[in-house]
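Have a look at these structures, which come just after this line.
The following pair of complexes shares a single chain, chain A, combined with chain B in the former and chain C in the latter.
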Partner chain A sequence: MPRALACALLLTLGTACRSSAPSSDDAKTTGPVRGGTLVASLRSEPRSFNRYVDNSAAADTTDALTQARLVRINRRTDELEPWLAERWTSAPDGRTFTLTLRPGVAFSDGTPLSSADVLFSFAVVYDPKLQSPLASGLRVQGKPLQVSAPDASTVVVTLPAAFSPGLRLLDNLPIIPRHQLEPAFKAGTFGDAWGLTNGPGRMAGLGPFVVSDYVPGQRVTLTRNPHYWRKDASGAPLPYLDRVVLEIASGQDAEVQRLEAGSIDLMSQADLRPQDYATMKRLRDRGAVTLTDVGTGVDPNVLWFNLATTQPSRGYLQKQEFRQAIAYAVDRDAIVNSVYLGAAVPVYGPVTPGNRLWYSENAPKYPHDVARARTLLAGIGLIDRNGDGMLDDQSGAPVRFSILTQGGNIRAQTATVIQEQLRQAGIAVDVVPLDFPSIAQRWMSGSYDSIYYGFQASAMDPAMNLDFWLSSGSAHVWHPEQGSPATAWERRIDELMQQQIAAPRIDDRKRLFAEVQKIFGENLPGLYFVAPKVSIATHLRVGGAEPVLLDPKILWNPDTLYVKDGASAPQR
Partner chain B sequence: MTRRTRTGVILAIGLAACALAAPWLAPYDPGRQFSAYPFAPPMRPHVIDAGGSWRAPFVYPMRLVDPLERRYEEDRTRMIPLRWVSGALVRVDGAEPWFALGSDALGRDVLSRVAAGARLSLGVALLGTVIALAVGAAAGAVAGYAGGWADAALMRVADLVLVLPGIYVVLALRGALPLVLSPVQVFAALVLVFSLVGWPAAARGVRGIFIVERSEEYAEAARAVGAGPMRVIGRHLLPASLGFLYVQATVLLPAFVMAEATLSYVGLGFAPPAPSWGAMLQDAGSARGGADAPWLLTPAIAIVMSVLVVQLAAPARDPLLWPADNS
Partner chain C sequence: MRFVLRRLFAALLLVFVVASGSLLLAQIAPGDYAAQMGGNPAVQAAERHRLGLDRPLVEQYTTWLRRSLTLDLGDSFQYRRPVLDVVGERARNTAILALVSLVLATTIGIPCGILTGSRRGGLLVRLIRAASLMLVSVPPLITSILLVTVAVRTGFAPISGRLSGARLIVPALALALPLAATLERLQAQAIRDALHRPNMLSALARGIPRRRLVWHHAWRLSLGPILAIYGVMIGSLFSGSFAVEIVTSWPGLGDLMRQALTVRDTHLVAGCAAAGALFLGVGVLAADVAHAALDPRVESETA
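Right, the complex of A and B next:
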């Protein structure tokens, strides 16, 4: 997978398996109501409605509303659920699964689903010419799954190697209609299919809604899929909503203002920033919104150094002691109190306490200790040689590095706090706020000292995130795509992760992953400081919302969402 | 000089003095973070205590009651006296801070940052404006007085710069420089970039005035008594352009302040924690400053005041600068 995609891609940081049940202060509801329109905001303009080629958050959101998978990971319970496949059996080797498709399922244009559509979907996602961003999430040890179809309602999936998460991989693959997209695929124009102009009104999907209209810069309108297959507990057809409108908002400030004004019901990329909390609490007190505390976030921002490119004049940037000193020098509580207004917890590694199943308490921690930081730095020859209070290296040059980060948001603020804290420890830091493309370009070219950025977690199981953990991974951000492990500790993590994904027992997997976290914490290729507490606000009229820590935090179960005033509400 | 102009000049001098004296005016280092005091509101000085007795000026310390709601309360059980002229104009002793104009998201004193930011933002904008006007006036004077090929060449260059979208030119020019620069280098680079972008408008205006004025009787008379081109330009024609140049200054100055803000926002201006007014306004915007922490808009007030001062100082009715009025 190209690095550009990897950077934008969801980094699944092996986070919590079970998110806690939301502690909602939602008002009591009287049960689902049929009809009506839900209005959500979309933070960025979609580039395409084809999830096989577009990895953006906008494409992810429309995909959640319009497509379906063979199996689904329930984002709230983390259980694997039958979805388009109503059941499956596994062979004794644990690598071969036979799935039976649910009868009576049809695409939104009325064409029945068959195993041919599943085979077609796999063929497309593995097509080397397409370079689908979904492909890496559907490989085991870099190899594709083997898929066959003995009959129209049966699919046999064989994993190329032992892989404990098994069928969870299939949650990454939306099943697309062969009858509609095969001509484009054969003609080599699949990447243009389901675009912004030729998608709305023509896409055939298996999800609860279909894209019916798109107005550039304004909104995407989705209407109920008349052939959707799910029914609720009482046997009533889903979805409850007639329409979902995704209003395109330019930035999070605009989203919050629209929610405040009542012109949207929720934000599709839903979590609140700390500075928005006071406003939302006032709205909640006025009875306008529901505020839900979902738990500790599972995708904290990370500071990583460029360990792939050696800088002879500043060799200390690649030393483990230097990174450990930074970990000690930064007062995480200061970041929690100022940047996050108390709505965060200190963290020391990529797996946060919000990740209850996989988080290890035994991973190293780095309490704020400037004296210890200075001792570590002195141990690698970085001391104050001219009495100006700042450290110098052996040649007398000041100890200095730059942090590239995203401008104008909480990352830039955090980087500024880190800058001040490191100044107190004698390290000069230049914070360089940039936009994402500029950061990605510098990351890909290796022309940076360090980067402070964050990635969206897309799964809880660390085995679903090998691109991050393995030294060969494209999302191994500090030194991606290594031919062979550059360091002994990376080699050890590679070995442990290979054992971890193959171990059949969850206790063994947890033990192995705890060892991985320990090694990671000792060597600190990435420095983690805080994980935010995730709060989500929805308009009081929204029902059926089950906010979770993983994106899409609310729209992951769109077919059971409803608006309490239903069809009686004025069309918005 | 009219009373209004005099007032403007005095205020301008005062503003410049404030900028120069920023380190003494600011109670704290503008980068110092009091992490326990994010978004602290302004702390009002008191001279009467809770019991109604007169005291030397003091403040009550602030206590953060609800961090997420950014709610503070005054602790009226304790008084912190204000000290005059002890390293700074006014400050308090002890570990607890005094935020005369409140604090920002990272607990930094807004007053200290606005004072320090005046040096950066006003300095860049003023110097950029002065150089742009000087270059523009010189180019316009040559083009308007000499005419011919000099006029054509200079105006084609000016047209070329004018038709380019200014902010993108600035972005491209700044982007061509190294990513990490010291504040002094950023200052110089921004002044250079602003001057390059700002001179053509001034040049075109001055050229137009010169073309009209050079054939006026007073210019002809000067030439008739033997004045050379430099004297005619410097003594007679250039003063006729001063009114226009003042107006240009009132346009360019705020534009450059905001351009500095934009560049800082996209990472091509002053990097954190440099307290430029533009960067502070960006912070205020992302923190819903106008609604929840209005004191974060202090840099906006400073920008408006700066522009007003420039406009006040412009001698709008001075017959020397507005010969048309005189006629």
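Right, the complex of A and C next:
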């Protein structure tokens, strides 16, 4: 069965729509200061500045700084905000929206924005030859949106089916300049446009900054967009910063060291690892950084079993009771304390308490109970038959499975703790640390027992993550792209999610999604153990930061960021 | 001249074999670059087709081979640029780091070796020997981590920012110190051997001051054995620099190779490996030529 690699897919695991205000340690602010340079780290080298062809974290970061959308989901409040479109109306059917473009908006090269640019952006993203990674986030039930432009400042968007999040979809589409990119698009070379060599200094964007320079392996320099359209509350033009420098750091260790040395102001992929927290707390106490506890993470790691490929000799691997037994056998508090050093909370499903709007308290929970786990296992014929303390199946073969996970990080450490805890329950586990392409290959070929991995959340609303919930989805990782639901419970989740995305009232949507979480928790196609507490450190000179749970955690509002020493700071 | 040409040919053959082997190994490793492209199967298939990853392995290799004969190592998958351009940018930084480290190691290691080899005892000699032993037994990777930590805590040298002389301090020291220690050990032994030669003993008996004997005569005699291992040392310098570059965030070939391997950018992996082999080949060649210039018997023996 052909399958996609969903591992890089940005999953929306439906969690809190409204995150609370972060409890910042930074109590003293003196108001925005104009000018100066903000230095952030970039964990990986950019591959291109063209977000339509590159879905890497580096491309996401530069996109947040240089591009703009018709509407924006405010990452802090989760409200939909007018952005390039200053207002919109919706038809009674709830599927057709008429958006009016904000007057006076121009690209960074001075060319005015018009509805032709919006039409061009949609044409590019849906181009079958380009196969943009952005396209899947702009479809409803696999169908593209219909877009038309009655005049230069009006755009009409029609959804192919009822979809409650409505215009929130448009937050996925950066509007690109037709006048600059249409020749490349027509020539079939759009994928090479805005690359590392032909992008800097030439890209026309609608975001607060433009890429002015790129030094391979070292940095990307962005300077203020002179035609940026936003103004602050006092009417002063934004952005506050003159420049943003993205220093390329090879790995998170290098980023933390640079923050400690004061050579960067923040990490663009901002959250701290548990082992970094003590260092940052020391720096906070010394008055060098601001440490913000943002809340419980919304993208916990998941252990899933291969439910797509039957293994006759080890049929227990696909039994619900086996997964439930594992859920009981694993001591989540031990993982919280030994791996996350206390900076995590136990979780039991994909929607964590960090997602306050969509999290359901009624989803099943599995407190640590080894005796109950053994009872469940005995119920499916897995008992200790030879007195060695480990369980055996009916044929006398030991109960054993492997966990593939990414080596050298917190996932591997967690998998090792799970291994030890399952050994105490009589289950032998082999932890196999691999790199990402190897895990992906094993997953795509279906040659694995289980995988422990994590997915980056891109939105809180579960309707934006149907690929995960629906049995036909490519991110339905335990059994992707099913022609028809393989199990009764998957069929029921499909039905509930279809109702959920079409329901106009939020209360109905929450009720339906709570039922989905309950079914998920009972059947456990994925086992969740802990969700980290997200902490973010920024240099004390950074102002205007409003850290959030979703990426980019700090740079989502780059135009209102500032440095407190402004232009008086030494050029970096 | 024939000697140089033959060594040059050997170096080129080494580059080709290393690049080919790296490409094939990267290709047969599980997973491919298209896996990075997200969850949509059509997106992955399109990327696989664009890059030719959907073709048989043999066809991919022969295509690369044909192009590489014209010095075209293909395009980097992730950067969408010719591999030679991407590698060229980084190779310059690696070459600077390696050269500075080599000079540093030589200027520290050789005089220290002469000193410790020509004297029997003394506090300074004991200190140098102890430091050498410690540095030889610690891999450059550990030295790098220690130096980076000290740099972060004390600020004695920058660990990020624009490439400059100051920015070079940490990676160059990390690479040079273990090498200097190795040179010190070898030079000390070589100078001891030289001082025990009959001509040296007789010069000493004739009353030539020991200091002059050591720094003017014995030192030259000891150069042969040292130069013989210089080529190998240059090779270890480049392999060691890969790890040091990653730890110290020096934007050279090591960092690039790590990225390329992580995402299975096979053309770039081959390009980085080729550049590393080229450095090694050139280093060995330079050492051989220098050795032959000092001792013509080397050329005639290998001719």
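We adopt the following convention: the second predicted complex is superposed on the first by the 566 of 572 C-alpha atoms of A that agree within 3 Å, B and C clash if a C-alpha of one lies under 4 Å from a C-alpha of the other, contacts with A are read in each partner's own complex, and residues count from 1 in each chain.
Following the convention adopted for this analysis, a residue touches a chain if its C-beta (ideal position, glycine included) is under 8 Å from a C-beta of that chain, and two chains touch if they have at least 3 such contacts.
Everything numeric here is computed off the predicted structure, so don't read it as measured data.
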Quiz item: Clash or fit: what happens to chain B and chain C when chain A is overlaid?
Solution: fit
Quiz item: Where does A:V124 make contact in the superposed view: on chain B (first), on chain C (second), on both, or on neither?
Solution: neither
Quiz item: With the two structures laid over each other on chain A, which partner does A:D331 touch: chain B (first), chain C (second), both, or neither?
Solution: first
Exercise. Give one of first, second, both or neither to describe whether A:V432 is in contact with chain B, with chain C, with both, or with none.
Key: first
Practice problem: May I ask you to decide whether A:L113 touches chain B, chain C, both, or neither, giving the answer as first, second, both or neither? | Solution: neither
Quiz item: On chain A, which partner touches more residues: chain B or chain C?
Solution: C
Practice problem: Examine A:V220 and indicate which partner it touches, taking first as chain B and second as chain C; both and neither are also allowed. | Solution: neither
Exercise. Look at A:D192 in the shared chain and tell me whether it touches chain B only, chain C only, both, or neither; answer first, second, both or neither.
Key: second
Exercise. Please indicate which partner A:I264 is in contact with in the superposed arrangement: first for chain B, second for chain C, both, or neither.
Key: second
Quiz item: Closest Cα approach between chain B and chain C after superposing, in Å?
Solution: 5
Quiz item: Intersection of chain A residues contacting chain B with those contacting chain C?
Solution: 434-435, 438
Practice problem: Would you mind writing out the residues of chain A in touch with chain B in their complex? | Solution: 253, 256, 274-279, 281, 331, 333-335, 337-339, 341-343, 402, 407-409, 412-413, 415-417, 419-420, 423, 430-435, 438
Exercise. Report the residues of chain A in contact with chain C in the complex, numbered from low to high.
Key: 2-10, 44-45, 47-48, 55-56, 129-133, 135-136, 191-192, 195-197, 216-219, 247-251, 254, 257-258, 260-261, 263-264, 434-442, 444, 467, 474-475, 481, 572
Practice problem: Within their complex, state which residues of chain B touch chain A. | Solution: 31-33, 35-36, 38-39, 67-70, 105-107, 179-180, 265-267, 271-273, 282-283, 285-288, 291-292
Quiz item: For chain C, which residues count as touching chain A in their complex?
Solution: 29-47, 50, 78-81, 86, 89-90, 93, 148-149, 151-152, 155, 158-163, 246-247, 249, 251-252, 255-256, 258-259, 262-264
